[in-house]
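We call the chains A, B, C and D, going by the order they appear; numbering starts again at 1 in every chain.
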């Protein structure tokens, strides 16, 4: 719920939508943006520094249009709203069949316990809430790699309850927001949180996908020596071609100054890694969930001390060495928690994709064009997103002649590339 | 026919193949490499500085195993061998039905006239040569963007005569050879041909695909100010995000020092552009065919004078101004014509794809797995190509745990990415 | 008065000094740092957001040790403390001879009026205050290009009242703090103040000295297209060699998005430039005084409106166009006003020079080694500053053999370079 | 004796000089340039691939104007002509006093033996040749760091026989030719000699002066991971600020792919280092003399085998491991030996300094302005050199107003910087 999302909300409202909104991250809300939207445009359930319980309460509130209403469309980012509905529907089905309520103690994932609690607590009052919701829903457009991954898993399992447009994999999203956005907001977050001089430092970037590429580029350009960890040999070879070293975390854990996780996977930096780090090594995550860093392991480490230097910047001191590491944003997205997220220009690319996806879902709601599957936007819309952003930067596009267009077998007006083109 | 292709030939020979070879470019043969292969490994029809007529004679010779033999597999680069066979078969079919020979004067494309002439001249002696060839052929693996485009067109038209593997679109080809290869070989060609200082110059890169990205990066890093021309708004926006200016050729034709075409299209730099350029502006092509630059227009320009400074480096002087431009490699691929092409490491990635594709086609020749269509290599083979090249560069890959692999729903051993992933 | 100066104060205190302190910039004080020092270590006269009158009051307070005391040494940054003493002494001499008090209305420089007022107001109460001060003073060590320039002017005029060590021209200061410090803190200030996406923007850097080089590098690396303005042909040629365009401000004023002054001169961006800029163009100064930008002209522009977006970020709207520009830190140093100044590592280099200079002045106070002139630190001390900072970054220096040292005629332990060496 | 020196010769000739010329490096002559000059402009004693004996014979020939003539001015590069005259004069003085001839066997430096032999062989025929020469000589202008170092040593010893202008330390020489020239010509030499892909490789740059900075930048930009070795803590810290690792050669000798010496010192890479390198590691020198690399130790290593791949590219195979390293240009300047040296634009900066220095020496030959000392060019001439090169690159300089010039106390027309300014 940043100023960029505020503009997205205003855009959707101007297009005729009635909007309810929550944040996708407990730290990322800019309270002034939320206040302005709450005053002018939409119901907002978000503030900077939510607890996890508050976060899911907000999510549940944002979805609640009262007994007769409900969302027609979801703009999702990370997939938590979609998750809540799917889990809600699942619980309602079990409850209907067996009378059994969801049991939060059935999981040891603390966050999922909260999800189950929220569903459980609402279930008796309204045992059909999520079922009604999924029936009404025309679809969701999802913003992030993580959210999209969940959608494809649900599609594969046959459990997806409504059509989904994968906005993340628009070129003008994944190759812009993830790459150029993080190239901007990673150093921004590091500077605001720690004021550390990046030049001369050894930085480890875990993962060399689009996010990792942006982070590594930013750190290298700022004068750090960057080491990449990767599981994928192709991405590893890309890192090497840029002059970056590719090693394992174990190889470098005790000599690096800055650690950044960008993997979208879990258990990347464990407490046993953190114990071996240099004093005041900085550890942060710009991938997705806070489980990229073993926050649980850190919190439960016997004798560990947490010293909050300022909000979202904690020093954790290990008892054996009395040395400590600096963890940003409690392991959550540091660019959102410690800075203001991606800058407006690149978010405009992402959100133009979102708006186009929402328009598309709504326009086709009755045609059956979109089944309960995951779709990407057609390339001509992707190119349109880019084209809309060129003028601001003073670009002059070249026009194909008819002859040239025929020669390479594309329409003069595009789309210009085959679907598999990688940019 | 460079030292890298020599190693490819030796590899294929070591795997059991009998090889006949020609070049894909009239200037790119390294004569010492050709000589070594001719002595030790294979029949070679290639030398540096072929005429077009010689070039196509070589292509025809390379395909000729005598009346009872013929190629089982083709390793193609640019698609000329594939083209010759397809045109040959077409002509043989017409000839069989109508007795009509192909008529070179039916086209005003000088090179295609030669192709038709060669087919015509062979037709009476052996009116089934190409037909026998296509019947025997198990398939082709094609290396380049241009060649692949032809293959997809033939697939779309239903005229493709045998299975084809698109090696170009392996990630470890298109995102390596095209990008990192050109980043290396463009400045190499410029330096060898002209010794020009790149720092401080204004360079125009026409096209910002993988080749253009590599060229623009190389020129920028060497200290040039780089301007990009593009038709595709997405690629244009990528250029802008790297701090490059995006303009049309017309905007900058009279102020730039170096012009590079990378489009894979035709008619990019016309003689009317060249007339307006600064004295001693350098014009070169690293895309594919020499028709990116209007060589025909230049040669036929009234009163133009060509001064060969050294082979592959010509100064063309216009009569009105008595100023001239420097054209490299007669408009053909300047990295092959003026330098030695891509370096071995990146060609090893490309050619490993080729070898794997050839093995795959041969292994599956009787199974019907490959129809008369264009295929890309499966991702696990693409990842394998990368993995084979990591050791040389001292990389340590990270291994997924079972738990992590499950979490992101990939096998521990890969492949790690969905097919649409863009790297 | 930042956290870095706090550590400098603690260091001086630990070495035995009694310290009084003020800021060198009305916006640069970090109040928490000032509070900590005031509590533990020294008398501090500084807070974030001083008025100019408060600023000079603080300077006067910091110099006032009561009737019998006074500073023995000055650590100066910008030369304002040194200026006040020199102006004070001048006024006291005039007053003694003629009984005449300084007349603030004799100047139309608003800030200098304040200086004269402060001196005038103190003069009658204690007409020998500054004279006693200069007699007691062992010397000053000065940090900045601007302050040093003043010192050399006073040396040239024969008006310098005590020895001065030019710390700014230590290599480990001018080539580190100015260059690498600004490379870090310019984007930091831009991001914190405006959240603007730097990639894709056109940025003008006025001046390509060390500060300008750092700024241009940072902006280029972040993906901006950078244009430099310069008066010095050598610096201009350096910019060109890095691929930057060199134009005049007039050439580009209406097409750029970000303007940064780094010149150390005045009247660089005038209100007539600002009127022609694009809507929401960002204008900021990281050189020295706020007169690099014509703030006076802007404030007095008929009908102009100032809208404070947040402290240190103002939008100025021109009445003719109703479009506006964003001015950072009221034209003062934006890295101090909008961010937290240079990061600690590079400030440690600068302040190690300061401490060594202070030690040197004190050690030699009775020997006559330092006359009323401006000195730079000897090279072996400059090299020592660097050597002290290598361990933190994990560097291993190579040792000369005796034979090698003799061969290039340097001592094994250094200094290694002639005085004119440029690094 | 490259095409750039050819233009220098033509310039000097056009200004009225009669010129005799030799090369400063046994491999650097471009024979076509030498031939053109020999035909049109001057007596040339130089060819590509001289032996050391031939090299010194050429030097001696270039200085020989016959019994009644002699050089008035020397344009030197590396100081060998100056050395020969100084050694000649010394020998003539000894001979005059004692009748003793120089004894080549008195030194074990093979090259110096040749120098003494040449002097000895000429001494009996003309025992005053060098004495007459030094009496006639108005002065020398010297191009290189190495040559300048010798001149300052002679000045310090009081043995300098005529005035010298140190052209190397003009900003427009040392910060351009050394830095930007090597940034261009190091990769050029590597590519032409070896075609090695630089991306992904580990490169060690010994020395981080201007030459080392240029080399490290080029290698980093081409995608290598660069490690620097340094003796000077300031230069080491500069390397670290650019994200380069600073280690000793011993730390990395067995893991790097490319080694470049840039130190201007001797005994940098010894045969004991080379033995430990990876197979086909590339070893080259772009500093000055071939003694940066222990060529003598390599040649005399028991059982070593030298395989000449092509001229200036040798593989040396060690008997123990049967692995080998690639040595470029026999340890001499690889950019001259394997490529064509620096490009014309940057050489034009250097040679404009040379021409201005020659004009200055000649103009002042009777005024006594220049004593037997080493001088640098005044800054306004240095700035003039830069100004003369701006137009070609399309730059627009900004002009100071009178008011601004006064404010920073410089003349409107320059010079703009104090002598100690480092750029």
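By our rule, contacts are C-beta pairs under 8 Å (C-beta built on N, C-alpha and C of every residue); 3 or more make two chains touch, one makes a residue touch a chain.
According to UniProt, the chain labels map to these proteins: A, B, C, D = Adenosylhomocysteinase.
What you see is a predicted model; the values in this text were computed from it and never measured.
When you check each chain against chain C and chain D, which touch both of them?
Under the touch definition, chain C and chain D have A, B as mutual neighbours.
Looking at C-alpha means, what's the farthest chain from chain D?
Computed centres place A farthest from chain D.
Whole-Å distance, chain A centre to chain C centre, using C-alpha means?
Their C-alpha centroids are separated by 41 Å.
If you average the CA atoms of chain B and of chain C, how many Å lie between those two points?
The separation of the two C-alpha centroids amounts to 56 Å.
Which chain B residues touch at least two other chains?
Within chain B, residues 180, 199-200, 223, 237, 240-241, 245, 393-394 contact more than one other chain.
Inside the complex, what are the residues of chain D that reach chain B?
So the residues of chain D touching chain B come out as 3, 180, 183-184, 187-188, 191-192, 195-202, 218, 221-223, 255, 339-340, 342-346, 393-394.
Going by the contact rule at the top, pick out the chain B residues touching chain C in the complex.
On the chain B side, the touching residues are 199-200, 220, 223-226, 237, 240-245.
How about chain D: which of its residues touch chain C in the complex?
Listed in rising order, the residues of chain D that touch chain C are 149, 152-153, 169, 171-172, 174-176, 180, 210, 229-238, 240-241, 245-249, 251, 264-267, 349, 376, 382-384, 386-387, 389-390, 393-401, 403-404, 407-409, 414, 416-420, 422-423.
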